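So the structure is just underneath, and the comments pick up after that.
Every chain is named by a letter (A, B, C and D) in the order it is written, and numbering of its residues begins at 1.
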């Protein structure tokens, strides 16, 4: 797993995924296999930034289990500048433009690279997962909201502001549902974990559901996992909520496919764990909505394969490694 | 203008733009300057394909004015396969998959390259026009409908089916205006030359307009140029029609910018000749609709600079040329 | 059938329906039964008004078969002033405000009453048809477009301008399909005979249909009756077109029911001949879209019963008749 | 003020308005003037119904100031059955179908009548306020949500379920903003007190506003009165919020006017206190959206005149009174 050579010294490459609740670090091999993981709780947003950096360093060091460190790639749940130096803003992390990459290099004594988590997950799926072998791909990440990444010629498109892939705020309904971003009709208001829960709550007004029991009749306490569990039990409200969210997933995807014509569309993020319950209605809507669907190869819409480790694995891919061909997915396009 | 070396022999490079009504050929220099143009009328869609090829060859030969031919790049108003070999379908041209590139190489005895006209125009604007110096750009072409191209890292994105850049059929209004493509709410139903005319006709029902006089009170005879002329005269109906089409231009552009984060957005095509009358409302709508507009660099939305020659100039850029650095814009990304 | 008494002399009451293509007159009994009908072709819109009046008088006289005339009620396919004196405007008739009621009284020597055809049809269905026994009803007439009438306390609501019941131009989709009226998203653009044909044409782009054969592959020649025939043969395109138009019928009806809470909704006009093929999806959409549907009596959505004679029968109901109780449906509310 | 005769004995007529927070009773004269008012706090929703009835009786008795009671009319903020006997459901009151009218008659020993508050307010505006002299009117009540009433021939339309006038849940945007009622795109999600606050919160994300200071930077604490105060100070966010809510008020009104063609549209409820700040954009949108606006008398859109006393005054109008002409506005149509 270790490698010699210029650029990256001998030793292991560690990928780290830092989200709003936890830090996950792991040694990632050339084949994408993960060994020696370590976890920390994210200290929060209102702490001094050093506390979060401490947690990162601790998790990284623990993951190495004493092996020398060749390089570290960090996948952060926030907005990373186009140069890959800083987290400019993140809803659940304290950084606001501090030179994080440099700070970590100083503390760790090895190469450090930084990108946002959706881009890293896309790199991981591109090299080791559902988009393996594809030159171009769309990665759509459904969690609380929608994130994503565009793969072109094997590279992640970062954009002039480092903001490419902000699919969640594409407008799909003029005058539609109000969004936290201050506009109306954003895609993630119709297709996301939050949308799934809202839809279920709305449907419960007209139809009985086991979600009433699950939530102790307090609809505000309904969560995404409850809707998933209810759908698995055959609950009609939960199934209709998934059908709606899946349909809108396909409608929004069709717009991106019309513009970008990718080989494959990969759906990741927590909601994608629902699999075909989410993807089947999305496929139907993609077929129905995509221009010229009858006269083109409609890209397959597939589930991500790497699950919650995708960010960490993709983080590690940011680190260039000697002894293997230059990794196109480790670089970025603007 | 001529060049020696491998790949392309000594001689001139000709770009050809073949549209539904005319064939335009010209010798294009390394600096993008055009000399020795020639025109033919497009023979139509229901003729044998050879007649159109004859027109192409005649225009090309006339444009060279006897100089040796180093290479030819063809920009076609139709759907070109991802390999750049064939016009698969075009609304106003007879080809349906014949190996056009090879046929022309046989007849002309030099390298021939082929792509669709929007992609070629984007290459031209990227190298010699409004997107010069930008690594990434969106090109949006407003004619009868909307076409476009995505420039990433200096290359045109062609897509897995050769269909990237089909922006006109992105859905902007669910259940919206019926489109010739068989779906509803496509962007080009709200922002295009056709949309401009429809909007003017609708507004004339409630408000007097010089368009009544211009069209001899037959609203079916109103054309885009009439609306432009009326707007220049200060006609309120025409100005409101431009404001509407411009607003929707900005709304649709915001969605593409959210997904791709380009450095610049170039608006070309016949309708773009209206300049700020079209672009000012588009800029306002882009600023209003783009996610995080207050916290990012919103890309400038600018008019194309090369006008009707853009396709021809960009066609010539398809031809690799010795003695200059490899032209990234002459290659394509998938 | 004849009756003596003040107000209306002894003799028969004739109802006349004057549409864009034909004049239909008939003697209508107290029980709504029609005898002695007569027809004329409508002379057109660009003739002198007297020619149309001649046709009316001829049809009326023929229908009486020599019996004395007690009164005449005219149902006109146009906009009738709130006083019931004049046809102010009609797309296929020449009148523009001439005192039609008075002119006909002079020529016929008996009481003449006048209202628009949708209001007359509503009166007929209220007294003798599908809304019999209901105190309040909505009548929705689906022909080329959508017309309608509101029955309140047994009376037709005429409105301050005589324009109540103009349901066709209620906006159901902001920024939706352009309408001939100069606005967007009018209900009749989604649910009407024209909408049915447009929908079928759109669906034919993605799916084979017997409509291609029926229309000689010229989609512009597809008509409503063709779609009906195709649907009866099991054609999927035609059935989907009916499902779409029916769904929007229910959505728009739900809005009117929310505002007016009628006892029953009657669907008339040519398209309603499709019966449950149209009404079943409308019922489902009404149930889905109507506020509080689970907690109220959702009004039955039923087909009109009097067919093409409804206007003529309702015209006759305009004439007050001795020897029977004052007919509330013969009067109008504002 | 007192009157003799059958039906209502000598004495005063009291109108009572019972809302979610307070009970307001007052002696109402034939001319609509109010004297001797009394107030109580509404005991809440989770109390025994008798406690609310006690509050009603106390307020009524106090209002009479010892004068004999001829009759009482109750305007209730809830859903009243079509017979006017019961409050079937109310979001802030405990009744669920108890025979309220009869219970109060037993306790008060005089005639009692009952209707919902929007209908009562419409009666009051019809007889003594902004719709005086009009035969037909639309009353639209903007509070937290939207309520309303339809006046036809001087009578309030109650509907088959007693639910006529539920304008708030007419769908104006398919797939629009989620509504508490379980559907999407309801009018009151775009035009109401709640909509005003939501709109202001959304606009504050892109633009500075004095509302930040007013709310201590906690956007969840922004209230309607704050937005009103800010608009009066010239705050742009607040003014834009009013413009948006007013525009949607006009759009929804246009749909009702197309269907009902009333003589006048009266806007009441708490938000209407903003006057022309709300009504001017509504008038513009009504003119723009109403079918045939150029060819008809567009009904004036005016502010209600009776303010918070409208419900109480209209409640009193439910009581028929000897010695005056039968009050059409005191009766209801279905």
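Observations, loosely collected:
Assume contacts are C-beta pairs under 8 Å (C-beta built on N, C-alpha and C of every residue); 3 or more make two chains touch, one makes a residue touch a chain.
Computed from a predicted model, the values in this text were never measured in an experiment.
Of all residue numbers used where subunit C meets subunit D, over half belong to both copies. The two sides are thus made of the same residues. Seen from the Cα centre of subunit B, the chain whose own Cα centre is farthest off is D.
Subunit C and subunit D have Cα centroids lying 35 Å from one another.
Between subunit B and subunit D, the centres computed from C-alpha atoms are 56 Å apart.
If each chain is reduced to the centroid of its CA atoms, subunit B and subunit C end up 49 Å from each other. Residue positions of subunit C with contacts to 2 or more other chains are 173-175, 181, 183, 206. The residues of subunit C lying in touch with subunit B in their complex are 173, 175-178, 181-184, 190, 198, 202-206.
Subunit A makes touch with subunit C in their complex at residues 174-175, 206, 293-294. Residues of subunit D that touch subunit C in their complex: 89, 135-136, 148, 150, 152-153, 155, 157-174, 181, 183, 186, 251, 254-256, 258-263, 289, 291-292, 295-297, 299, 333-334.
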